[in-house]
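Lettered A, B, C and D in written order, each chain numbered from 1.
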Amino acid sequence: EPAIIFDLGGKFDKSFNEAAFAGATRWAEETGESFREIELQSEAQREQALRRFAESGANPVITMGFAMADPLSSVAPDYPDTKFLAVDVTWLDTPNIRQVGFAEHEGSYLVGMLAALASETGTVGFVGGMDIPLIRHFGCGYAQGALAADPDVKIVANMTGTTPAAWNDPVKGSELTKAQISQGADVVFAAAGGTGVGVLQTAADEGILSIGVDSNQNHLHSGKVLTSMLKRVDVAVYDALKAGENLETGVFVLGLADDGVGYALDEHNEALITPEMKAAVDEARQQIIDGEISVASYYENDSCPAYNF
Amino acid sequence: MTAPVTAPSPSPTESRATAPAIELKGISKSFGPVQANKDISIRVMPGTIHGIIGENGAGKSTLMSILYGFYKADAGEIFINGHKTEIPDSQAAIAAGIGMVFQHFKLVKNFTVLENIVLGAEEGRLLRPSLKKARGVLKQLAEEYELNVDPDALIEDLSVGHQQRVEILKALYRQADILILDEPTGVLTPAEADHLFRILNNLRAEGKTIILITHKLREIMEITDSVSVMRRGEMTDTVSTSGTNPEQLAEMMVGRKVLLRVDKTPANPGEKFLEIEGLRVVDDAGVERLKGIGLTIRAGEILGIAGVSGNGQSELLEVLGGMIPATSGTVRVRGEEIDITGKHSDGQSRRARGIAHVPEDRQHEGLIMDFHAWENICFGYHHDPKFQANRFLMDNEALRKDTEAKIERFDIRPPNCWTAAKNFSGGNQQKIVVAREIERNPDILLVGQPTRGVDIGAIEFIHKQIVALRDAGKAILLVSVELDEIMSLSDRIAVMFDGQIMGERLPADTNERELGLLMAGVTDAPTGAAPALEETIHG
Amino acid sequence: MDLLTIVQILDSTLRLATPLLLACLAGLFSERAGIFDIGLEGKMLAAAFFSAATAAITGSVWLGLLAGIASSILLSLLHGLASITFRGNQLISGVAINFLAAGMTVLIAQDWFSQGGRTPSLIGRGRFEQITLPFADAVESTPIIGPIYAELLSGHTILVYVSLLAVPLTWWILFRTRFGLRLRAVGEAPEAVDTAGVSVVGLRYAAVMICGVLCGIAGAYLATGLQAGFVKDMTAGRGYIALAALIFAKWRPWYALYACLLFGFLQAIALRYQNIDLGVFVIPVQVMDALPYILTVVILAGFVGKAIPPRAGGEAYVKER
Amino acid sequence: MDKMPAWADAILVPLISLLLAAILSALVIIGIGEDPIAAVKLMVSGALGSTYGWGYTLYYATNFIFTGLAVAVAFHASLFNIGGEGQATLGGLGVAIICLALPWPHWSLALLAAIGFSALFGAMWALIPAYLQAKRGSHIVITTIMFNFIAAALLNYVLVNVMRPVGSMDPASARFSEAVHIPTLHELLAPIGIEFSKAAPANVSLLVALLACFLVWLLIWRTRLGYQIRAFGKSESAAKYAGINPVRITVIAMLISGGLAGLMAINNVMGEAERLVLNATEGAGFIGIAVALMGRNHPFGILLAAILFGFLYQGGAELALWTSIPRELIVVIQALVILFTGALDNMVRIPLEKLFVRFRRSSAGGSSR
């Protein structure tokens, strides 16, 4: 029986963890099998949860988020027969872990373009979660995309905090959104896990557009969410569960080419995305896949050409 | 006569003919295992002042608190003006026309006089009209009964005497016809007490009924019409004041002939053990409690300090015992000056200098009520090497042995060193403290109210121990509010008033009247007289 | 910083100060009556959950508010039972209530909604709407006064205005009514109240109930005004900050307003800026987070005027033992 | 005479309180549609059914022994230390600093140093509230609550800005070196032939905790200092009479209390995580309150209560893993225990006292006739 460890935001964060939950649920429904799960409550629990699942014979064990890297590095070697899937971790060298990362900058590039195209004020906002390279990575791609669509666009960006609490602070998300609105932003991209709920809510309340992240969040405020930057955690989880004990380990980074990231288009935002916008973004997507556009990665450069965080 | 104080009751003569203002029948009350009132009955006629006397703990306050609805009786009935009345709470008592001035005032300290008066007797939901009305009524009452207080003063800024006036005003404002006063003069100077009695007389003349609890036979004889005596929770007797005398009352109080004299040989004073000069204490609130005390006690004598409580005696003991620091002055123990102001002035340093201290309040100071007897036996002396097993641990075995020996010698009951202090009676608690302190064989013994709340048998025992210590050549400083005790135990008497020594007397050369005057601050020869007296005694 | 930013920060100050203020006034009633209450946090949390849950189920925020108040009152009664009727330790009771609320809200939320201890997001009439004060749009363009009126004062939910009105109302009740006199007296000298023929127990229960009502509104505001739904631990220490504000305010209503606005302001700053660069040095956000607590300790230490709590506070009224 | 014999006070009252808490907890479980008996079974098997379960139960119990003792020592001085959480946090900081700062040759030396540093840091965090209480009368309950929040902010700052290794995204310190790894029960028991789960975190700190129990017992009931602490706690006015310095006792009692809370860090930081993470204490400081109340402030009672709470904690974690009962159930149980053994103590005590008084009266009456 496989197991999933959700990160602190919980499996109903409508975003990162919920994507994993959706993938697992799809697998369970299709196969009729079940999986174990736990939502972490504190940092100190990470290792115990990991150990407990490995100990009880769960295989594979799926972990969500970069913060599991350290516990994984100490637990995984103790259970060489167990396979682990580490989402958002790509730097460990333990043989029994499948490490999956995403080219978030590429997906963010696309929604950045959409934001700039949809903006009437010429100012777009970005609300990040915890201030770590991963989130800057999102923000950097977003800024590049926005500038590509409109070289005069103004970008305002804020991070919610410096600890994991930043993933789950809707009040702060809401306040930051209000602040960005007062600075002229009329499209705000929330790459902040559960905090994004507050961002999207406030954006809807104040009558501006927002962009969701990880899961498709378009339905949260139908007609008011411009799009969502999809990060196909659900697919990664689904595939891992399907592979089961035969999970292929190693490091994998999924980008636009693998459909690992993308933007969401459905009945909730049809009206917001004009055919011209769609055409522009789809073209850019193809160009990135073809290598004609290269989106700078914050990870690789430790800085961003488009925005100074 | 104003509206609020006029009672729509029949005139005094009329009601006297009819029913008693108060009648209690078969009142009983116990607090857990303590039976405070046992089947008590009492009748008080309207328009009279009725005294209640009894030893400490006899149950006087309890009985009156039941009448006032503060406590609920376990059994018994209450009749007011002939009608059976249920008094489940104070509201009912107030409605029945009863007012009470408690031994410990029930005032809100940071409220104004006016607010305290209207509290619970407001006119409506809003405050302003109530306060306005009360201000007017207060003015009238003040004029009528000589009860002047500033209505806008905060209670905490008032003297005790004035606070008491507020309590009386509170009762009158509620149109009380029956006024209960619980030991009202304990905290008053004689002049204030006289003033109070004038007021009570006026009230009686108005037709009000007054119950007066006091320990002072003089007051009973002076002002009451009839008097009830209580002992150990029971009502001994009720007699008409004119038909009795102090000796008879005292006997009824304690249940046997009172031995007012302590058997002792004349003192044989030796070297100066304790010398106090210019001792001043200013408390945290900035009030000067001791205003330059000078005293000397020699080996082999008992110096008694008389005075109305609250005139600095407690502070004197506390400074000498190291509980509070002095502001200035010097204290010499056997000729050597000790630190009384600084960092090293505490109970430990005093004990190290051979000063033992039987504190005034054994329950809150002398003992840890939750500790066993054996744990209390080293209280204050816990550093004594004799009680240590080694560098780190105490020798509990030795403590228990020591306790058993003391229980034996002082006849402490129950004779069990595992009994918690709170489970001994007051007298036996006091014996534990006295045993602990006296058995240290100190050079100097400070004793505060050694027999407060202690029965007559234990009183004699404790007095004997104190005299024995004196005879062993030690110096003893005795503070007591009981003039009898001072007169019978002391070899020399100093009277304190308002933080000063008003004078010193030899018991043989003085009488209660003279001491009473000194206690009230009336003197022709104040502090200066002390050295002269010294000369006459020892010269 | 331009005017608009300042107005914006003050605007969020007002929003963030609201739950603090309500809880602080709640504590004020309770503590003025002699019942210490460190359970403000728990009551708010319970109210936040039940208001959000009820609003989510019924779709009516007003029913939600009522449910929130009811749940908070229930915990108040528990506190009263422990500390008034059974004369237990008020501090321990408060601690227990905080834990009880922290656990029960999640437990029930999980049972009812299966969303990991949250309620569904509230939509439409499930939330308090922002009220636009009259003429707000008209004066918006007037310099200075315009933004202050339209941005700062207008556009809050009704509970914000309720909390502001609660300040003079509290003052009036405490200092201008019979009930207030008795309530203050029972916190200073319950024996005086008792012998004056007024029920100490009754007064204290009344105070504790008022505390429950105000905490209930505070919690409801958190879940249905400030946010759109309940998430676990959403009070995030606000009850303790309110307690701190109460001490800061020395148990007085108007000071409570100022203290809560100050602490709300600190929160608003901390929300908006990660670090505050003063040029000479940088104040890390953690300092802003800790500042209310640090200030309270400074006040408690008596370096800035002494904070004297109600004299009978924290102790049960015992006549006979 | 006491209204009730000592054994009833020490054992019967807490037992009945505990029973009430248990009954209500069962009702809560039923209320959320689960089977309490199955839940208890699961908890027992998860927490006590294997050495793995025991390893976690004892690991948590070790934390709670330290924080329970901390609360109890302060209680004996009549001080309510709600600051165990903050003090344990600071203790963790002390352990992390000392473990990372020096190249330790052997774990035993590192452990000694960690004991010293964790106690020192915890004690220092208790010092300011203690001093303010003693000198300025600032209510220690409020100041220690405030210090919990300040400690959290401080740890947050330190982990984000100071101790986080370069390139790491976690707000956590670097991992401690292998050299400071202290033996787990597995490693301790293997040489004597006892097979103990390798995965469980219970470690040599448990022995330190047991030693602490014994030392606290000695301190409180056998030493002069303990005598003075208890005397001061029972009656401040009497303590003044006896020449017991209130400032000194308040400060010392709180230093010991804070030190004990800080000591918890050798278990959770050094023994388990082997690095410092945010919120490493996981509320153990607060559980110490329940443990001390239930253990009647006696080290032996605290030991038992700590094991009970260790069981609840581990059992609760198991519940959360294998059923849909959230871990918060444990928080509820904890609340009920605090409520019944602490705040509602009189609800059990008063009827019981009446019962004893009546029983005694009737038996006395019978015998006298």
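Basically, a residue touches a chain if its C-beta (ideal position, glycine included) is under 8 Å from a C-beta of that chain, and two chains touch if they have at least 3 such contacts.
As the structure is a prediction and not an experimental result, all values here were calculated from the model.
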item	value
Contact-richer chain pair [A-D vs C-D]	C-D
Distance between the centres, which are taken as Cα means, of chain D and chain A, whole angstrom	39
Between chain D and chain C, distance of the C-alpha-averaged centres to the nearest whole Å	30
Chain B and chain C: spacing of chain centres that average the CA atoms, whole Å	47
Centroid distance [mean C-alpha coordinates] between chain C and chain A, Å	36
Multi-partner residues of chain C (each touching 2 or more other chains)	117
Residues of chain B whose C-beta touches two or more other chains	32
Where chain D touches two or more other chains at once, by residue number	156, 160
Those chain pairs that satisfy the touch definition	A-C, A-D, B-C, B-D, C-D
Footprint of chain D on chain B - complex, ascending	32-33, 321-323, 346-351, 357, 359, 361, 364-371, 375, 379-380, 382-383, 388, 392-394, 396, 420, 423
Chain C residues within the chain A interface of the complex	4-5, 8, 11-12, 16, 115-118, 121, 130, 226-228, 231, 268, 271-272, 274, 285
Chain D-facing residues of chain C, complex	38, 78, 81-83, 86-93, 95-100, 102-104, 106-108, 110-111, 114, 117, 232, 237, 240, 243-244, 247, 284, 286-287, 289-290, 293-294, 296-297, 300-302, 309
In the complex, chain A residues that touch chain C	10-12, 39, 131, 158-159, 161-162, 168, 170-172, 174-176, 178-179, 182, 194, 197-198, 201, 205, 220
Touching residues on chain B, where the partner in the complex is chain C	31-32, 68-71, 89-95, 100, 102, 106-111, 115-116, 118-122, 124-128, 130, 170
